[in-house]
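Okay, got some structures for you below.
Next come two complexes built around subunit A: one with subunit B, the other with subunit C.
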Partner chain A sequence: MAPAAGARKHNIKEALLFLAALGFMMALPMWLPNRFYIRLVNEIMIYGLLAMSLDVLLGYTGLLSFMHTSYLGIGAYITGLFLMHVAPGSLWLAILVAVAATMLVAWPVGWVQVRTGGLPFALLTLAFGMMYFTVAWKWYSLTGGDDGLMGMPRPDITFFGLTLASSGDSHAMYYFTLIVVAVCLLLTWRVIHSPLGAVLEAIRENEERAAFIGYDVRRYKLLGWMIACGLAAVSGSLFILYKGYVGPATMDAFAGAAVLMMVLLGGMGSLWGPFVGAAIFIFMQDYISTMTENWEIFVGAVVILLVLFMPKGVAGLGGLLSRGQKA
Partner chain B sequence: MGALATVVDLILNSLVLGGVFLIVAIGLNIIYGLNRVMNLAHGSLYALGAYAGYTLVNLGGNFFLTLLFAPLVVGLVGLVIERVLISPMRARPMVYTLILTYGLMFVMDGCLKYFWGKETRFIAMPEFMTQTLSLGPVQYPVFRLVILLAIAAVMGGLMLMLGRTRMGVNMRAAADIPEMVSAVGVNLRMVQMGAFVLGCVLAGVAGALAGPLFTVYPVMGHGMLISSFVVVVIGGLGSLRGAIYAALLIGVVQTLAEFFITDLAMVLVYMMMALILVFKPRGLVGEGKFE
Partner chain C sequence: MSPILSTSELSRHFGGVAALNLVSVAIEDKQVRSIIGPNGAGKTTLINAITGRLPVTSGTVTYLGQDITSWPIHDRVKRGLCRTFQITSVFKGLTAFENVRIARQAHKGGSLRLFASRGSLKQVTEDTWAILERVGLTDKALAPCSSLAHGDQRVLEVAIALAGGPRVLMLDEPAAGMSPTETDQVAKLISDLGREMAVVLVEHDMEMVMSISDRITVLHQGGIIAEGTPAEISDNEQVKDAYLGSEKWAPLVALD
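And now, the complex of A and B:
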């Protein structure tokens, strides 16, 4: 079989899987016993999108961001501030502004980070992340400080002038999140499977060789960073619409570790893995944090064990199984 | 207080702060230089040093003996970490040890909270150290001067150790060309392990010194970890001389920023870091100058 035909067959299989997953998620609220679980699944989708955006950076370009929640936080704050002070009714405009503004913040930071190389890049994401956290925490008059941003209006979800529902309704918010996340997933899939995605993977595998062939490595890394931050900003918009509130704890170091753990759980370098990781993590958090105060130790220990014994995550487990079948 | 007094006060404060940053950052650099591991649990080891000091003083230990023993406790923990977690990871890409030590940081912070509680602790000091000494125009707290002397002593000892002892020579050589050190019959694994433990001991020293200086609380290591990253990145990864310049610079800038604008002082420090990295992406001295 020609490789192109094989790739197309693979694409069709992936498209069918995607549609099946979408259909399942559409129908899921019917089986969920109450609003609490609908909101929990909603949160999983939002964090899944964030984890996927981190995985685009980590799994496809090999760059590590410790505080990717920062960009979720920035997106959420900007969405909230826009809805509170500029235009209380314009939901779509708020999301667009949040994504644009977050990318405006991320661009110079990414530019500096990319110039320093691999390891300093990771350390700098931590330093800049703490900087954002400090600003969100201390700039009381703008962000509400420790209390967070409260009193955000609930805009209606509209589509080309048609008012569908209020974003305060958890069912409506669930479907809104599902559609936005699905669109983001499709766009990301398209980027990863474009020539740009191939270049990013080439840089991850062998940076020097990619540079020798003539690719401007720094520019491509910056591009990967901007894509990841833009997606994180979308998840931030969804986050504040779903919660109606955002506080500095959303973007502290521990939250950053949680997202990293979702990616590790799901497995690096696959787009669906992070969603599985987010689902496992948020269900675990929901159960265990009610039982013990030492949730932190537990998360840390799981991260250590994952790195030691299961570095490829659940997605890697799937790969292992399918390889076993073929052999 | 007159203007001159304020200036002297600020200079001394900058030196103390920069000195603590320096000891933590040099520990990170020594570990990185020999193990190619960036230890994200370093801030937690620093906090452990402070808590160990607190407990030893509370048990009736002499303050100065505590400064010796608390780092040893941290060194012992470091040895266990190296054996159990770091050494199986040597063959893997660096991303994995980064994430691993990140997990370790949360485990250690959680343990600190579990064993010592969330309350802020204060380390009791000997009588004479709570007084002030008049230095020309200023009244300066004695304990800050003692800490400054201790930092100088630690750095002097470290220089002697790296410059004159066999272990130190091995370490410097192994940071340059590990294969060669291995080839002349030195056990490279032992040198790497020694460097890891030495780095942890330094974190413990900084913690024990900083305990009375700042207050002791479970996440005290986070801020220190970030600051020492800033120092390491500005100075150049793995560069000991770079760390010295960078630590003094950050000490001065942070002290001044806290004096003039208080709340958002750290933002100014990060801005300066970004500015330096724009012009010197590999740090002030460049990477890997282990001397």
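And now, the complex of A and C:
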């Protein structure tokens, strides 16, 4: 039938773009001058994943979270604590535990949040985010307080019993991050295009109507929230593995705003947009901070300009281009 | 035959105003029941109270033998209490097809399939096309619904409600703003639907109401002032008084 055929053509195009991007990212380290840039791109992929998970919430479900980095932070702390105190060598298990535990924390919070909507929902994310931040900052004996969680062991990257490399190696960590992020992207793509994705889309379009065709709106919002927090936890695991360290600043309000900016820069409602947004933001931050200590002022100014003149972000530009071609 | 849906002394106040005052109606299955009355009579408020959009101040709603007065909206819909809105409420950013498909998916299930494609719900897709065909939107199915003409959006509302597998279908002014041709088509559709399910119709177009209703209930200032067949209602003096001074008076007289 007509929509199926159109969708298939679209899917093939998306699959080719995805493979091209993956190939490019695989080859990228060859062209990067040194380890510093490899680590920078690694960080972009991690924040891209976080921004994408926020976009699932914002662009597909219509829920605004001011402090999505909280869940990156929680995922990172749990991964670190698990590797330090439970099983120093179990990389995959640490990630699984981090995702499960983060979702366990996110569930009651989401349960409360979905009972509100719009601005109250967003304010609640801020309130819970401040509480998490304070716990990470003040619970010195567990989290290391202001100094952050230090002394995490560097587990080996293994695949079905095969030891590939140490996660302390920048190249190995780059490829590990790339593969985990690519798998998350594929899974998210699948969910967005699933019957569940259709329900989330309907709720974003018209919440009341969604209830009047028989959906328990809160239940589905909670599901969207849980998916977004689970993905954020994965980015948290990757974050601490890449940095070897996590501190409370990772989950402060500044960091929360930064992820939102990445989503806005890249453009909402596409899965690749947030990655582009993360790239722009992190490159800009890195470049400007080599010139001045007050880099936040300049990053802020650039973000303001971009938001004013490209309100739909980079993904919006893509939409303009393809519309131009058709006309 | 016992009614499929009934209200008992249903009231809804807004501040000091009683938008609905002790309304008791009984809706029979497989009939078209029209609710008429001047602007502000409480027709929409009655539908809102029955479908759960508004909590009631007092009274009960009984549906399929159960007291549903304080049920959540989605539970009522799942048991076949479906409605449309006076002010068009559709999923604007989606196509007409996806509007109906998502409603059919709610009815048929499969919404928790995270890793399947939407097209994998074959029955849902098939039913969606059948519903679009029935209301005459097949040709416009793949257009974003914000680009549909007003009349087509009104019809899409009905299609979305139909996708919910209604046992009781409540339509709030489905023909509002439609051209005469469109009105005739939607009247025919509603009349047909009235043989398959209970239809509750709120409508200002008196010609349509008089021609397709099995029974009519007249609301005025939140209370029922008359109920009967179209012939009984057009002869009722109290109804004529209630409509006095309203532009809706003319067509009612014209029918005599």
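As a convention for this text, the second predicted complex is superposed on the first by the 314 of 327 C-alpha atoms of A that agree within 3 Å, B and C clash if a C-alpha of one lies under 4 Å from a C-alpha of the other, contacts with A are read in each partner's own complex, and residues count from 1 in each chain.
Keep this in mind: contacts are C-beta pairs under 8 Å (C-beta built on N, C-alpha and C of every residue); 3 or more make two chains touch, one makes a residue touch a chain.
Values in this document were obtained by computation on a predicted structure and should not be read as measured data.
With both structures placed on the common chain, the touch criterion links A:L260 to subunit B but leaves subunit C unconnected. When both complexes are overlaid on chain A, the residue A:A211 reaches subunit C alone and has no touch with subunit B. Within the superposed three-chain model, A:S194 lies in touch with subunit C and out of touch with subunit B [touch as defined at top]. Contacts of A:L308 after superposition: subunit B is touched, whereas subunit C is not reached. Of the two partner chains placed by superposition, only subunit C is touched by A:A202; subunit B is not.
After overlaying the two complexes on the shared chain, residue contacts for A:G62 are found with subunit B alone; subunit C is out of touch. Once both structures are placed on chain A, no subunit A residue is touched by subunit B and, in the other complex, by subunit C. Against subunit B, in their complex, subunit A makes its touches with residues 58, 62, 64, 66, 108-109, 112, 115-120, 122-124, 126-128, 130-131, 134-135, 138-139, 253-254, 257, 260-261, 264, 294, 296-304, 307-308, 311. Against subunit A, the residues of subunit B that register as touching in their complex are 38, 85, 88-89, 92, 94-96, 98-100, 102-111, 113-114, 222-223, 225-226, 229-230, 232-233, 237, 263-264, 266-267, 270, 273-274, 277-278, 281-282. Contacts from subunit C toward subunit A in the complex involve residues 51, 53, 72-74, 77-78, 82-83, 89-95, 97-98, 101-103, 105-107, 110-121, 125, 129, 142, 160, 163-164.
On subunit A, the positions that touch subunit C within their shared complex are 1-4, 6-7, 187, 190-191, 193-199, 201-202, 205-206, 208-209, 211-217, 220.
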